[in-house]
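Following this line, the structures themselves.
Both complexes below contain chain A, partnered by chain B and then by chain C.
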Partner chain A sequence: MNNVIIIGAGPAGMSAAIACAQKGLDVVVIDEYLKAGGRLLGQLYEQPDGSWWNGIEESARLHQQALDLGVQIQLNTPVNNIEHHDGQWTIYTEHETLSTNHLLLATGAAESPIPVPGWTLPGVMSVGAAQVMTNVHRVKPGERGVIIGVNVLSSAIAMELKLAGIDVACMALPKMSQLTDQQAHPKHVLDSLLHVSHMAPSQFVKLGSKLMKNDFMKKLGVTFYPKRGVNMWDIPIQLRKAVIEIYGEKQVEGVTVATIDSNGEIVAGTEENVEADFVCIAGGLYPLAELAALTGCPFYLIEELGGYIPLHNERMETPLDGLYVAGNITGIEGAKVAAAQGTTAGLTIAKQAGFEGLDGEIEEAIQVVEETRDQSYIQFHPEVNKGREMVKEKWEEYVLPLRSI
Partner chain B sequence: MTQRIVDHPILGSIEEKEQVSFTFNEKEYYGMNGEPIAAALLANGVRTLRHHEEKATPRGIYCNIGHCFECRVTVDGKQGVRSCLTPLQEGMVIESGGTLPTPVKDWSAKNE
Partner chain C sequence: MTEDMIICRCEEVTYKELAETANKYNCSARELKLRTRAGMGYCGGRTCRNMVDKLAADLTDERQTQITLKYQPPIRPIHFGDLGGGQS
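Here is the complex of A and B:
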């Protein structure tokens, strides 16, 4: 039996492992990927102070720190099932069965697909797939790509592709359908893009964030959005064109785009082909909480956090004994927030495992999560704070009747 | 044809790794020891990893991080292995799943 088992070696899981190990607990971290770091591995961007956030280096640093503290890290190990009996958690991996009293789920996030016609052709991949191929494995996803879906993540990754010498023909919206709803609506996209405007040298988007504070102005912005698109890092961003099809015989050969009006409807007769040998689909992120769903932990749909969230408090406890969550499984945010949540979870676990006098440290760690969130460079959802408040309310509603028994 | 990114303005030069040989659908290729099978194949210009069991349409990687199972191949006789997660090793014998037989459809195509 292990003191603590952590599923997920991303920034949340690794930071939690470090915090637990520093208090003297035995920790096992399990991850199905072949490297530690999770989705931090592929990240690469310039921070406001001019330094580079290099996900590979950050991951290696966390990995080394954990190893130095004696944390056991099992990579290439998918977890298939977890069960709870008599206060004990049983974890079934592809290789063995483990048990513990303290289980942390830090499984991160996954990307939502956008089913554009032709999207099963080889050469079509999620935008995160292109990021990992390029920055982590150093293989070009192709020579010339088209990115479907304009959001914070795809804008950042478009720039990363350019850095690696890969041509991005354009970024465009998907054709509107019931499934694409907001992502295909130019006004909505412009709205969320205003939150990355500080990363964009384009005057249009930069001015936009100051000018377009109200809805009417935004609508105007879309109506007058230049038909040729605007350039961000020399990549044309098309909010007035949508990809209606990806074509190719055996693999991607290009995409067909058409002009759309400010409501996202296609203007007939405007179709044209753009050649490309790969296509990235950017449908946004949602919390990967399948394992938490197996435990019977209550879930709530909170759009501001990216989807269904397992109920938890600020100390990263769930209502189930010995089950904790941290990182993107609790809502979509950047790696620094995930790491701060991980540290909080690690301290909470140490306290529950019998380590005394940690309340002050836990309070401080919760403070750090909030400060990190407020200073975040990349914000996946503009109303993330509102989402966090909603989880707090749900927690109070849930535990209050239990307390009065 | 895709290529390796040997030099990168921020990440620097590519990490030197031992070269290993492997086969994919009976053809011999070279890749880097320990890199994911899917990355090694892509670096060799191979995007199609298998064909859809029923429709026979070609499929390649989609998520590249183990979530979608689009990239599954057979490695040394073990079926359903996710090539985006599995480290390449010297001498691996890798095969596409291939198209599964669809006896009912085949029968109706012939007899209707």
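Here is the complex of A and C:
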């Protein structure tokens, strides 16, 4: 039996493993991917202070630190089920069944697809897949791409493709349907883009443009949706065009776009073709809570955090004995927040495993999560703080009747 | 065009089939899945789950506290022999 088992070797899981191992616990980390680092591996961008956030290096650093502390890391190992019996957690992988008293789920996030006619053609991929091909495997997904869906993640990845010398023909909205939510609505997309306009300046400076934050805002906002779109990093961002079809004989050859009005409705007769050899679909992220959902842990649908959230407190405990969560499974945020949550979870586990005098450190770790959130460069949802408050309220509601017994 | 679009790749269920079924039976996500097999293929609904959810009749109250399409183990494909626990 192991002291602690952690599922997920992303920034949350690895930071938790390091915190536990520093307190002397035996830790096993399991991940289905072939490398440690999770979604951190694909990240590459310039930060406001001019330094670069290089996910591969950050991942390697966390991996090495964990190994030095004696953490066992099992890669290429999908977990297909977990069960709870008599205070013990059983973890099923294809070749081995493990058990522990303390189980941390740090399984991260997954991408939501947006279906578009032609989306089953070879050459269509999620924007995250293009990021992994480009930044992790250093393989070009194609020569010229179109990105469907304009949001924080797709804008960051468009810039990364550009850095790798891949042409991005344009970014446009998906055609509105029952399946697209607000991502097909120009006004909504504009609002959420204005929210991240702080990401623009350092990139513009880096790429030699004179444009500064205010100009960027003005261009996007005041001249509401110019017909030809707005260029960001030389990529036309089309908030007034929607992709209505991806075409090609045996693989992607291009997309058909049409002009849309400010409510997202297609203007008839405006269709035109844009040639491309790959297409990225960016439908946003949601917490990957499959394993948590098998345990009977209560869930709440909180849009501000990206979807269904397993109930947890600030110490990263769930209401189930010995079950903890950290990172994007608790809501969609950047890698630094995920890592800070992981450290908190690790300390909480050490405390529950019998280490005394950790309360001060846990309080500090919770503070660090909040500070990191407030200073965070990438924010996936403008109302993330509201979402976090909602989880706190749900937790209080849930534990109150238990306390009064 | 939109009509023929495949939503569930594993079971090859189209948008049209899902939309018509949802309309005809005014059904929940689970019923929609059982009627069309969308989400019941090899990948366990990893790609189409959210879309099946959106096309189903919106039962808002329940949706707040319950994941509409239940997750069942195994949540990743595994070999039949390993599932049975027998010797290979």
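Note that in this section the second predicted complex is superposed on the first by the 381 of 405 C-alpha atoms of A that agree within 3 Å, B and C clash if a C-alpha of one lies under 4 Å from a C-alpha of the other, contacts with A are read in each partner's own complex, and residues count from 1 in each chain.
Heads up, the rule we're going with is that a contact is a pair of C-beta atoms (placed from the backbone, for glycine too) under 8 Å apart; a residue touches a chain by one contact, two chains touch by 3 or more.
Everything numeric in this text was worked out from a predicted model, so none of it was measured.
Chemist: Output check: A:Y92 vs chain B and chain C. Expected answer is one of first, second, both, neither. What do you get?
Modeler: In the superposition, A:Y92 touches chain C alone.
Chemist: Can A:G149 be said to touch chain B (first), chain C (second), both, or neither?
Modeler: So A:G149 meets neither chain B nor chain C here.
Chemist: Quick one: is A:E32 in contact with chain B, with chain C, with both, or with neither? Answer first, second, both or neither.
Modeler: both
Chemist: Considering only the touch criterion stated at the top, classify A:G8 as touching first (chain B), second (chain C), both, or neither.
Modeler: Neither partner.
Chemist: After the superposition on A, what does A:T120 contact: first (chain B), second (chain C), both or neither?
Modeler: In the superposition, A:T120 contacts both chain B and chain C.
Chemist: Which partner chains sit in contact with A:V139 here, chain B, chain C, both or neither? Use first/second/both/neither.
Modeler: first
Chemist: Of the two partner chains, chain B (first) and chain C (second), which one does A:Y286 touch, if any: first, second, both, or neither?
Modeler: second
Chemist: After the superposition on A, what does A:Y300 contact: first (chain B), second (chain C), both or neither?
Modeler: second
Chemist: Considering only the touch criterion stated at the top, classify A:G327 as touching first (chain B), second (chain C), both, or neither.
Modeler: In the superposed model, A:G327 contacts neither chain B nor chain C.
Chemist: Which chain A residues are contacted by chain C in one complex and by chain B in the other?
Modeler: Of chain A, residues 32, 78, 110, 113, 120 contact chain B in one complex and chain C in the other.
Chemist: For a test of understanding, state which residues of chain C touch chain A in their complex under the given definition.
Modeler: Residues 1-2, 4-7, 9, 15, 19, 46-48, 50-51, 54-55, 63-67, 70-76, 78-79, 82 of chain C touch chain A in their complex.
Chemist: Show me the residue ranges of chain B that touch chain A in the complex, using the header's touch definition.
Modeler: Residue list for chain B touching chain A: 1-6, 8-11, 14-15, 34-36, 39, 42-43, 47-49, 52, 57-67, 84-87.
Chemist: Considering only the defined contacts, which chain A positions touch chain C in the complex?
Modeler: Touch residues, chain A against chain C: 32, 78-81, 92, 94-95, 110, 112-113, 115-120, 175, 177-179, 181, 244-245, 286, 289-291, 293-294, 298-301, 308.
Chemist: Given the complex with chain B, which residues does chain A contribute to the contact?
Modeler: Touch residues, chain A against chain B: 32-34, 39, 44, 52, 54, 56, 76, 78, 110-111, 113, 120-126, 128-130, 132-135, 137-143, 163-165, 250-251, 277, 288.
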